[in-house]
Every structure is written in C-alpha cells, then in structure tokens.
C-alpha cells in the first residue's frame, strides 16, 4: 500500500525535477486538459458556439470534473509522502487548506454545487472559479518560480508602491472633483466617480468616457498623467533591481572568487 | 511634569523604531482614524450616502477634529523632547512650521475656519485640505523612507527630466498648433489648448477628445507619442539606477567579505 | 568556377565584417532597393497614388522581382562557401529552408504566384509577404545582433511573462464578463469579446469603444489597469537585467585589471 | 580691446563652472527673458490675450529681439576666446554654424524676416522658430549633460530600437490593412492611413478614432499592443543600463581600489 502511494506521489508531483516516463505523460495530459478547459469556459459564453456545441461542452465538462475529482482525492491520499504534510490527518488537512489544495478544490466545487443549487445565476458566477484551474499550470515552470521569488523578495516595496498609487489616486481624485464638479456635474458626480477618471488617467488608459474640460482641470489632468508615469516607474525600478540582485547572486559563480585567497565564495 | 512629557513623547513618536505597548496601540488607532477619515471624505461627496448618513458623517468629523486637535496640541507640547526642536519657544515654532507640523495643522484647520466663515463656497474649497490627513500615514513606513531617499538622491535628474518633458511639450504643441489649427480651429484653438493634446499624447493617455486629423498632424502626433515614451523612459532609468545604487551600498556590506579569509573584496 | 563563386560569396555576404569595395556598394544598393520596395508597397494602397503612378509601381515591381530573383539564385549557388551549408545538395537545401532563405523566397514568390492565380484577392494578401524583405536589412546591424542575443538569453523569462499576461487576461476577462454582461449585453457579449476590452485595458491602450460602466466593473477595470502595468514591468525588468549582464560580461573585461599591478580584480 | 573681450567672454560663457558676480546675474537675466519669451509665444496664440495685451506682446517681442541681437553679435565677437573658435574669421564662421550659434540665429531671424515679408502666412510659420530659444536654456544644467552623455553613448542602440519600431509599424499596419480594409474601408483606407492606427496602438495612446472591429483585427490589435510594450521596453532597458554604466564609472571612486596593491584605479 505504502509502496503504491509513493509511486503515485512521484507520478503526480513533478516539482522535484524528475520529468520522465509516466510522470511526464500524466503531467502533459493534465496540462492539456486544463488548457482545453480554459478554452471551453471562454468559448462557452459565445452564444453561437454554446448552442451548436452544447452537448460537447457538457460532456467535456463532465469528463473534466470526474478526472479532476479523482486526481484531487488521489493527491489528498498521497500528500503525506511530502515532508510538509507528513501527519496522516493534520498533514492532509493542511494540504486541503494549502493554496494549491484550495485551487484544486475550487476547480471542481462549482460543478457539485450546481447539482443542488436551484438559483442559476449563482451557478453561473461559481463557474468562474473553474478558471483557477489555469493557475495549476504554474507548477510546471522553472522561470515562474524565479519571477515569484523576485516578487516575494520585493514584496514590501511593491505593496508600498501600490499604497502610494492609492494615496495619490485619492488625493488627485478629490482635488479633481472640486475643480471639475461644477462644469460636469453628471460625470464628476462624486469623489468615487472621479476616482474612475483618476485610475484611467494615472494608468494612462484614457478611455475617453470621462475627462476634464475646464482649463484648471486639464492642467491637473496633465500633471496627474505625468505623476502617474513617475509612480508606475517605481515598481518597474524595484523589479529591475530585484532581478539584478537575483542574477548577481545566482548566475555569476565564476566571478565570485576572493581576489585575496582565490577560493570561491 | 518633564517625566510625563518624555513618556508621552515616546508614545506619540514611533520613528525611533520602538513599536510596543501603548505606543503601538495609539499609533494603530491613529492609522485607523486617518483611514476612516479618508473613506468618510470620499464617500461624503456621494449624494446618496451624504443624505442617508448625514448625522454619522458630521459626528465622525466632529470626533476626528477633536481627536486630531488634542493630538496636535500634545505634539507641540512634547516636541521639545526631540533634539531638533529643543528650545521651549523657537523649537516649538520650528516644529509648527515643519512639514509634518503643517500637515497636522491643515488636517484640522478647515473645520475651525468653517465655523466662522459665512461664504459657503470658501468652505467647500477648504474642505479639500482635509485630504492632507492622508499624508500623515507616510510616517509609519520603513520602505517609504527608502523610496523617499532614492527619489531625494536622484532629485536633480528627476527635476531635469520633468523640465525636458515640459520643453518638449511646449515645442511639440507649438508645432502642432501651426500644423493643425487650420483643420480644427475649434479644438487646436491656441498653443495652451494644444498643450492639452500634447500632454495626453506624450503620456499616451489619449482620451480621444482631441487628436490630429491632417496627414502632417498625424505624422507629428505619432512622433510625439514615440518621443514621449522615450522621455518617460528617462525617469524610469534614473529611478532604477537609484534603487541599484541604494541596494549596492546598503544591503550588501556583509556579503562583501570573503568567507574563507574574511577580507573585504 | 570555384574562384568566381568565392568572390561572389564575399560580395553578397557582409556578415564577416568586411565592408569595402564592391561588397559595400552592392549591399548599399540592396538596402536602397528594399527600402524603396517597402515604400512602394505602402504607397501602393493609397488610391490616389495607385492611379497616378500605376505604370511606375508596376515597372518598379517588375525590376525588383527580377533583381531579387537573380540575387536569390546566386545566393543559393554561393551558399556552399559558408561552413554551415558546405554540401553541394543538402547544404543548399538547408540554406533554402533557413530563415533568411525563406524570407528571400517569400519576397519573390507572390509575384510568380500572381501570374498563375486568377483569384485576385489571394494575390493581394500574398503581396503582403513582400514586406518581409524589410527583415533582410537586419543583417547589417551590429547593435541588432546585441539586442537579439539579450532577447535570446532571456527567452524563457520573456515567454513566461507573455504566458502570465495571457493567464491574467483570461481570468480578468472572465470575471469582467460576469460583472458587466448584464449592464452592457451588446458590448460584453461573451468572454472572447470581453478579452478585447481586457487587452486594451491591460496594455493601457484604452480606445474607449468598450469600457465598464457599473461601479463593480469600474473597480475591476481600475485594478486590471494597475495589474497590467505591473505585469508589463516584468519584461522591462527582465530585458534591463539582460542588458546589464551583457554589458558586464562583454564590455568591461579590459577595465577589470588594476592599472598599477595589472592583476585581474 | 582684447582685455574687454576676455572679460565679456567670461560673463557670457558659464560653461566652465564659474558662476559668480556679473556672469551669474547676466545668465539669470538671460534665463528669465528666455522663459518669459516662451510664455509670450504660447499665450500669443490665445485670441483673448492677443487682443487685450497686443501692445505688451509687441513691445516685449521688440525688446527681446534687440536684446538677443546684441547678445548674438557680442557672442560672435568674443567667441574667438574659446580654443575651438580661435581664428578671427574661420573660428567665428564655425561658431555661427555651430549648433548653439544656429539656435541663437533662429531665435532672432524670424523677426527680421517678417519686416520684409509681405505674405503673412510665411511670417506665422517662421514665428515658430522662436521656440528654439528654449533650447538655449539647456546650456545651464549639469544633469542635462549627464543625460546627454548617456544618450550619446547608447546612440547606436537607441537608433536601432527606433528602426525596429518603424519596421514593426510597417509590418503590423500592412497586415492590419488587409485584415480590416473590407470592414472599415473609410478608416483603414490605405497602409499609410492604417499606420496612424499602428502608432496609436503600439505607443498605447489609443485615441479611439480608429480601431479594429473584426475578430481577426482585434486579435491582431491586441498582439500589436503587447508587442509595442515589449519594443518600448527595449529603449528603457538600454537607457537604464546606460545610467548604470555611467554611475559605476563616475560615482564609485572609493570602491575602485585594487584589492592586490590597494591603489586607486
């Protein structure tokens, strides 16, 4: 029994770098099914395709849920092989509530919920969670983990940049509301409404549905766009220095020799 | 008396890294009140909420002003504990006119002014200053000071980039005015009016309310957008090198020693 | 015969840095003809010019195709001088199916195809491939190869960033579809239709033909723009660190010696 | 005579770092007049101000031209003090045709030309050149020269990035023309007309006056925006590595000691 569990664990989990034999085939299959699922969810909402391929969509949905349910239960069974979740009960519980465990659950939950729910609008919104299956693909990339590590190292600075953006957004939108409210009372109707303008201006999206028309508003709008670019240069700068640090410590071992004693550092 | 003042100073000021006991509780309370204030200022302008929660908004405003006033007076009282503002009179005066002192004053001033002002339009404009309460939160972040330092170190280059942007804006808008004025005399009515287009083009916002329609104007418009991106790459580049420098000098001193012989490299 | 082939090879191929005499003249001529061709293809679609200069366009097209055909055949003849394509048959076949060989073929193929094709709409689309002649100019730049190498070194990370963008696009568009579909069923008609909004929002293009109007949709739209800027900061960061690495390893070897004692640092 | 010329040269030229006494006062005056001139040129085009302050604008224009003319003649007289322009005739001629000499000439030339020209439309266009007076301010900044040097060092890569952008613009616009021409023949009327869309899409300006409506066109439009961001990440990356190089060699002298012999490098 334990032997089968260990073999199965090695097939399911690919994170330790072994990509050969059954494990590789299984994981390629999984990636294919997840990709096809995402395409199905997206095309499902096109009325034309939905009517024409209704049967196909339902069958593929049913097959996917069965496949993902079996895989989910097997993963809970074998997760105790991992050092992190070794205990037969608490380990499994912790795996269920880990990020990847929850994503796997959210990928199958909407289907079972829809069997009992009568209110269809709830079901439609829950179907959305199936898109989380996409995140499972993130397990398979080496470069993804590198980006993840850089983002994690610079978490504090990135969160701060976001807070700075929100600060500036509130301040700019408040000033713009008082400047432009009299000229366009229907568009700049309140500060929250003006914040929609603020976001489109600071991120330089500029849909054009709302923009200042008074000279003072335009001056402020121009300054906002320039400040916005400056603010969004901050996260870029932070990420760049993060990548540079990462590369300096991980990719340049040959140069890291002490010039005094010649040994590697 | 002096003993109480010192204790109070330690509770109010958190900048020296001590985050424990009453000091921590007080500062968390302050951050919460400032955040709630910002939300109240923003929601206050939504007519629906303003009518329904008029009483609540007024009460919270009153409570906040009383709280901030007491805090402001206490800060003036205890500021002499700080080396920078040691003199009992000149020190306190300098604290009042320091940046954080002025921000604290601007956070409570509009309320008191509105009690005596009869002209309501002035009151509305003054309400704007309440948004300065947001700036007070900037005291509490470590990463904020890091970003602040990088920006301060690169101040000269960043100001120059801004001047370059303004230069290019004036030149581009002037040329565009002469090119496009004949085709769209109502939109490109003058150089200042064209500068609104110039800002939306160079920052790539592009609301679409004003854009060239002649072939020559479109050629110039395309070049402007490309130049704009180049110009805004400058502050990004400056900030990035600023972050890199900061990290090189502040984060890696311990690693710059050979682990074998211990000498600095 | 072999002697002529070698001489011709040296004239046609400039990649080995020899830029003198006939070789230089020939290559300048080639660049000029390619540039004029591109201009002709672009101006050909302007009805006014097409009617007025119909004869000129046709003559230049005919001359270019003859020129490019002769050049193409000569290149196939002389390519065996290159170490990579040494075999008289397999080498030539491999050259024909190499990237630069295919581009050269695609530049002349549409003309010959149009002689036999009766369906004119197919011919019009095939003419498009002539624009590939532009890529041939890429042979002549040193800096181009530097950029190419940096992009190639960072290929994995850049592809991953693109995948991340596509992931985020699908997720954001799916959520937006369920949020905004009820309010604007004609614009946010399906997830694929919403993805058009998603792309314009994440890349901050913001044409304004489609944008959220509900408060929840606007909140999500603002977050999307901010996330989009963050995601597009990733490739910038990756490319920057790529350029830094490139410069560190390729441009500074001579400077890494102490000028006093001559030892490497 | 030569003594006066040398003194005057020291007053007029500030580039050698001496910023004291009359020289400083004169240069501050010059910057002020240039700034006021730029404001006058911009405000001159606002009909309201032009009518009300017509006299003031003319008088200031007259004063500026007289001032700049005297300054221009004096600069030509004293330029021989500079090592670069030492010869009494050829040196002065070379100064007149140097970049700063030409800018100074273009700043006064339109006024004198307008005295003789009868066709007013020519005069209006020539007035544009007065904006070049703004460039004269570039003489006075230290940081400007730093940015200038980084841009000059990376000239080759920046030009190549621009060429790459133009390449991609032509290719993307050509494909888009064939894709979208049938659906919107009035907007995507020719490849040059489509290039206007191409520029607004690649620079992410997105005015919204022209955008694809067919599914294939939208797919291509989305890809164009993503490619555009990637392309514009290149110059950012190039500039950043330029700034980093500059700082590494110019700002870190204390660390540049040979670890073997301890001497500065």
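Labels A, B, C and D are assigned to the chains in the order they are written; within every chain, residues are numbered from 1.
Simple rule for what comes next: contacts are C-beta pairs under 8 Å (C-beta built on N, C-alpha and C of every residue); 3 or more make two chains touch, one makes a residue touch a chain.
All values reported here derive from a predicted model rather than from experimental measurement.
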| item | value |
| --- | --- |
| Intersection of the contact lists for chain A and chain C | B, D |
| Comparison of B-C and C-D (more C-beta pairs in contact) | C-D |
| Homomeric contact chain A-chain B: same or different residue positions, threshold half | different |
| Remotest chain, chain B as reference, centres from CA atoms | C |
| Where chain B and chain C are represented by their mean Cα positions, the distance between them in whole Å | 42 |
| Length of the line joining the C-alpha centres of chain C and chain D, rounded to whole Å | 30 |
| Chain D: positions in contact with at least two other chains | 192, 195, 200, 204-208, 236, 240, 244, 259-260 |
| Graph class of chain-chain contacts, one of line, ring, star, complete, other | complete |
| Partner chain A, residues of chain D touching it in the complex | 204, 206-208, 236, 240, 259-260 |
| Chain B-facing residues of chain D, complex | 38, 41-47, 124-125, 128, 131, 134-135, 137, 141-144, 146-147, 158, 162, 165, 192, 195-196, 199-200, 203-209, 232, 235-236, 239-240, 242-244, 247, 251, 259 |
| In the complex, chain C residues that touch chain A | 156-157, 159-161, 163-164, 167, 170-171, 173-175, 177-178, 189-193, 195, 200-201, 204-208, 211, 215, 218, 221-222, 225-226, 228-230, 233-234, 236-238, 240-241, 244-245, 263-265 |
